[in-house]
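Quick heads-up: structures coming right below.
Two complexes are shown next, each including subunit A; its partner changes from subunit B in the first to subunit C in the second.
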Partner chain A sequence: MSRVFGDKKTILILLLPTLSIYVLLKVIPVAWSLGLSFFQGNTLRGFEFVGLDNFREFAGDSAALNSVWVSVSFAVIVTVAQVTFGYLLALLYVFVLRKGSAFVRTAVFFPMVLPTVAVALLFKSLIAVGENQGPVNDAINAFGGESIEFLASTAGTMTIAVIMTLWSSMGFYAVLLYTGLLDIPEEVVESARMDGATGPRLVGYIIIPLSLPILLSSIIFSLNATLKVFDSLLALNNGGPGTTTAPLTLYMYRTAFEYAEYGYGSTIALALTLLCLVFTLVVFRPSSKRVED
Partner chain B sequence: MNIRHRRRTVVTASALLATSLTLAACSGGEDTDSGSGSDTGSDSDAGSSIGTDPDSFEVMSSNENPTLRDQLDALAANQCSAENEALPLEHRTIAQADTVQQITLLASQGALPSHFIAGTDQVRPTGDLGGSELVLDYQEAFTESGAWENVLPAAASTIESVYGQMVSMPYQYNLEGFWYNKEILAELGLEEPQSYDELVDAADAAAEAGYIPIAQAGADGWPLTRLMGLYIFRNVGPDAMAAVRDGEASLTDPEYVAGAQALQDLALGGALGEGFISRTGDQATAALLSGQALMKYDGTWLLSAVNDPERNEVGEENIGFMPFPDVSGGAGSADQYPANAGAAMAINPETYGPLTADWFACIAENYGQQALSDAGVLSGFAVNGDVGDIPAATADIQERMSSIDETVLWFEALLDSESNSLASTNASLLVNGDMSAEEYMTQLQDSIDSNR
Partner chain C sequence: MTTAPSTAPVQLPTPRPQARPARRAARRIVRRLPVWLLVTVLLVVMLYPQFWMIMGSFKTQTEFFANPTWALPEQFNLDNYIDAFTRGNVGINYRNSMLVTLPSVALIVLAGLAAGYALEIMIWKGRRQVLLFVMGGIMVPGQMILVPLFTVYFKIGITDSLLPMILTYTAMGIPLTTFLMAAYFRAIPREIFEAATVDGCGPLRSFFVIAMPLMKNSMLTIALIQFFSVFNDLLIALTFTTRPELATIQVGLLSLSDQYGSTQYGALFAAISINIIVLLIVFVFLNKKIMAGLAAGSVKG
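Right after this comes the complex of A and B.
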């Protein structure tokens, strides 16, 4: 085997097809988009080199800055919530339900396979008010409260979006973390128990440190997925009311494709890339040190 | 150290990879020559052979508008069968929301169909298509082929004022106003409101009696801005928005802010019913046609629903139409109906050869009669020939259309696409009270100024 992989020609032959497709479909478009950030215009009007104008515009664009805020706050809130709940569920599977967890795991995972748009429509009808009032407001009415139009306010829309995302993706993180917990050697847990560690102390001193790598992967995974949130906020309330819940991705889409400003759209995409990079580095830097230690 | 370094590279690479999809989406298709538009320009002196005929008569319309496709198919089978034989009709469809993106891409590749839907802003003289002569100003070509006389003058003037040139075929010609339930109005002991104040009083009375006063579809945005826009047109006069476009007036002027204020007052006063911000167009129509709502502001395209006994539970005879009423002391008048001619359907000059010209002439001659008799759709083409029995509501609208001297556009009609979008998205913040009338108008005016 080592002789095969020692041969440079073999490496080249094996690598070339994949690499060329990767370069063609990923690297070139990314580089192209990067270059577009310095231009203004679209394919019809033509492109005009504007230097750093797009970046200056971005810094002073209140809609763009609001979108950054929406993306970041959504990512942080959802990541904290879904990794926490996912971890709690995983602990439940491993330590409480044990062998009988298969059904619960499947049931909690199930919403993950539903298309986001369908989930958004479902939640929209659950919280509907007016002529076709949904069960949530029916319940509020039953307790004597007045119907609330959740989608009429920024806080309401964000709350529903967070709950909706949690409902659909919590099960996925639970399964991901569950596999991590299964990797913890039984003997370690047993000996800790013998030493008198139970409940929160067992989790805090043994389980969490030993499942840290998978926990960090989940956090990075979740941050990258939620920073790029698009479909759920679009389908739920079209980034509204106004543009107060429009994430950076939606703003980029509108700028590039609805207003046909490809240059500025690419600048927004670049900002999003940098944002993902910063978040990943922030999470990884301290963690890689600790894992190596 | 080495491990650390490699790890960091992997992280960087994976972060880039994770977002490259988003980036890739923005970078499609810019490798074609962006200036290709300029050398395909139409030479209007060449008459009916402005371009060369392709192999088929390709029409690209929106998924959301099956009526157009059905009527063109009917023409191809009957009145225009000769034209269809010479140059067979072919349909292509796109989602209306993707129009600007798709058409920009096709135009940059020189692959526009003979006849296509386009964004309002794109076909204006200042737009990406209209500015580089990628759409045909068809008045001269139609005059030559004899088709021009079939385009109704009212529709022509509407197209001229929306797009700044004759670049869209008037497959629809719509007026807008309040559709109302005559029975509920009678039950409340009221007459058709003749002033804005009477309208507000009627809304209050309807709310008190448990009806939805004005069933607007807040989820769509525009049904809200229409009310504000019409208040402004009635208050300031029919040239209100042209003055804003030309920089002679600002949306922050008190008479414009009054329009936004009127909409906010209407909404916060409960005149739009419960849950109107997330109400969809279909729900709003259903509320009117099932007798839950007193009225709904909408276009005459609602006729097909009004005339459909399956959808209209209150009966065609119980639904009336009235213009947006006068605002007391205003410079505009209720006779100035808002009019529009549907989404822009442009003609590609490059493919406008003799056979294509015949097709357009045949459409202009026959579409009016075909659409009216078959689908009850009022178009901007002359109705040549017999259309049989027309429902009362349709006849009423037809009569109003024939007696109109002056029309107005809708609020966003003359705005650029970004401000247009902002006007309807921000409307929900205005009506829920998060944004004041001044803030709303200031943001919109800022957007107009920065896109000038």
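Right after this comes the complex of A and C.
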């Protein structure tokens, strides 16, 4: 039997196409990019070996450090917010709406499939349509507040970006966590109820511990996605005002393709990759241990 | 409903026996009221922006200036949609998105399926290491490969086509797909493939006649995950859009907003609305599959 499933020809036919695409278009470019981060210049101008200069430049580049800060704060805030809201929604679906939750679930999920640029432009229009203010400020005025120019400030832009991301993806996290909650055996919840656990105590002592694995994988998934945020911040306010809301991804794109600094761009890309790696390891280490316990 | 919680929101005086059912119903309604309020607010927050956008797409330029932005359109004119298709190139953008997304997804799914089979069903030394090697690519962001790929695509002269996008998306999608396919194959009892061998079916043939039909659902799930991640990508599309005729929907929307965003709102509103409407129609038919598929993909990932 093992001889049949060890057939070299079959393995080659099935694995070789995938492996060659992967190596040619992913592994080699990653290695190439790693090498480029020690050079300066681009294909037209030629490359010059500069050793660790790019890394030194990165450490002293205020725009780069600011973009690291934008990426990290965006990822942390959005992850905390969307996993929390997603979990609350999931609890609402499972314990309050029960069988009647299908419509709400679907309606809240839908924006997830919309193109991110469309969502960003929608929110941009909600703030202002050209010179006219949008419904958001109309609503603020109706409650007696002053109109706010959200996109004129860094904090305002980030607030809108967080709300927008939450709006489009909390329904997804809700469905993800909802499927996790459905896996909790009915009897466990029932017997906890009979022992007198209700409301917050039932959630805190029974539901959250039992759904911890899926909660953690949501957090990892969310961090990985939000650290790579690019389209929403670009489309919302072009990384502005100035470059104050440009995440690392956008800073890399601009450095490499708008200013044609391939070498320094590769250094920024490496920083981004390391950032993703560190975040995943930080969440994964303690979590994998806890799940095994 | 005999175990009503002790925190009933209303306290009613001295019960009269015949009023009991009505009163219980009333209490039930009052108790459910906060929930309905919450759900209503939630639905308004989720749906109103989309409704507002679609309503805005019927407005004329003068209406945008003269009326408050929350006002409904005075009539349903389709000029903005005509504008979006003629000057905004929305049709071409959609065509490009499909021409890029469909081949990429097909390639990703087939490549991942074959690799998953070779790594999970076939038995050979080093397959664990190869799987780990491929999985290592899951976390690498697109930025890390774009500069070398751009250089190479330029050298071999394919930058003036959609090919760079298809190739790059395929490479980006393979790691996660291979990992998921291997996980799905692990869930299939090996005996099925062993029985086929006993009946004289070689491993390559059982890939086509047994594995493929068995994995139909998993293939659909992964196809959906990959479809949305390719369809909604901006970074790779923006990098390889060397002229406007190659723009996908995301890139097209962005340049439409740059060109007309501050002057011709109608066309932009229409272009965004087209996306909402098209995806809503797709979603109405496929929502269960899409929701389950996307959720399954991220749990495993």
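Keep this in mind: the second predicted complex is superposed on the first by the 274 of 293 C-alpha atoms of A that agree within 3 Å, B and C clash if a C-alpha of one lies under 4 Å from a C-alpha of the other, contacts with A are read in each partner's own complex, and residues count from 1 in each chain.
By definition in this document, a residue touches a chain if its C-beta (ideal position, glycine included) is under 8 Å from a C-beta of that chain, and two chains touch if they have at least 3 such contacts.
Values in this document were obtained by computation on a predicted structure and should not be read as measured data.
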Request  = For A:241, select first, second, both or neither according to whether it touches subunit B, subunit C, the two together, or no partner.
outcome  = first
Request  = With both structures superposed, pick whichever of subunit B and subunit C touches the larger number of subunit A residues.
outcome  = C
Request  = Could you tell me if A:153 is touching subunit B, subunit C, both of them or neither one (first, second, both, neither)?
outcome  = first
Message = In the overlaid three-chain picture, which partner chain does A:111 touch, first (subunit B) or second (subunit C), both, or neither?
response = second
Ask   = After superposition on the shared chain, which partner residues are touched by A:132: those of subunit B (first), subunit C (second), both, or neither?
value = both
Task = Determine, under the contact definition given at the top, whether A:122 touches first (subunit B), second (subunit C), both, or neither.
result = second
Query = Of the two partner chains, subunit B (first) and subunit C (second), which one does A:43 touch, if any: first, second, both, or neither?
reply = both
Message = Tell me the contact category for A:272 with respect to subunit B and subunit C: first, second, both or neither.
response = both
Inquiry  = On subunit A, which stretch or stretches are contacted by subunit B in one complex as well as by subunit C in the other?
reply    = 25-27, 29-30, 32-33, 36, 43, 124, 129-130, 132-133, 224, 228, 249, 252-253, 256-257, 262, 265-266, 269-270, 272-273, 276-277, 280
Remark   = In their shared complex, subunit A is touched by residues of subunit B numbered 3-4, 7-8, 11-12, 14-20, 22-30, 32, 34-35, 37, 98, 100-101, 104-105, 107-108, 128-129, 132, 134, 212, 219, 273-279, 283, 286-287, 292, 417-418, 421-422, 425-426, 428-429, 432, 434-435
Remark   = Counting only contacts in the complex, subunit A reaches subunit C at residues 1-2, 4-11, 13-15, 17-19, 21-22, 24-30, 32-33, 36, 43, 92, 96-97, 104-118, 121-126, 129-130, 132-135, 138, 167, 171-172, 175-176, 179-180, 198, 214, 217-218, 221, 224, 228, 230-231, 234-235, 249, 252-253, 256-257, 262, 265-266, 268-270, 272-273, 276-277, 280
Query = subunit A touches which residues of subunit C in the complex?
reply = 5, 35, 38-39, 42-43, 45-47, 49-50, 52-53, 56, 64-65, 68-70, 111-112, 114-115, 117-119, 121-124, 130, 134, 137, 139-151, 154, 167-168, 170-172, 174-175, 178, 193-194, 197, 202-204, 207, 228, 231-235, 238-239, 249-250, 253-254, 257, 261-263, 265, 268-269, 272, 275-276, 279-280, 282-283, 287, 290-292, 294-295, 298-299, 301
Note = As the complex stands, subunit A meets subunit B at residues 25-27, 29-30, 32-34, 36, 41-47, 124, 128-133, 147, 149, 151-154, 224, 228, 237-244, 249, 252-254, 256-260, 262, 265-266, 269-270, 272-273, 276-277, 280-281, 284, 288, 292
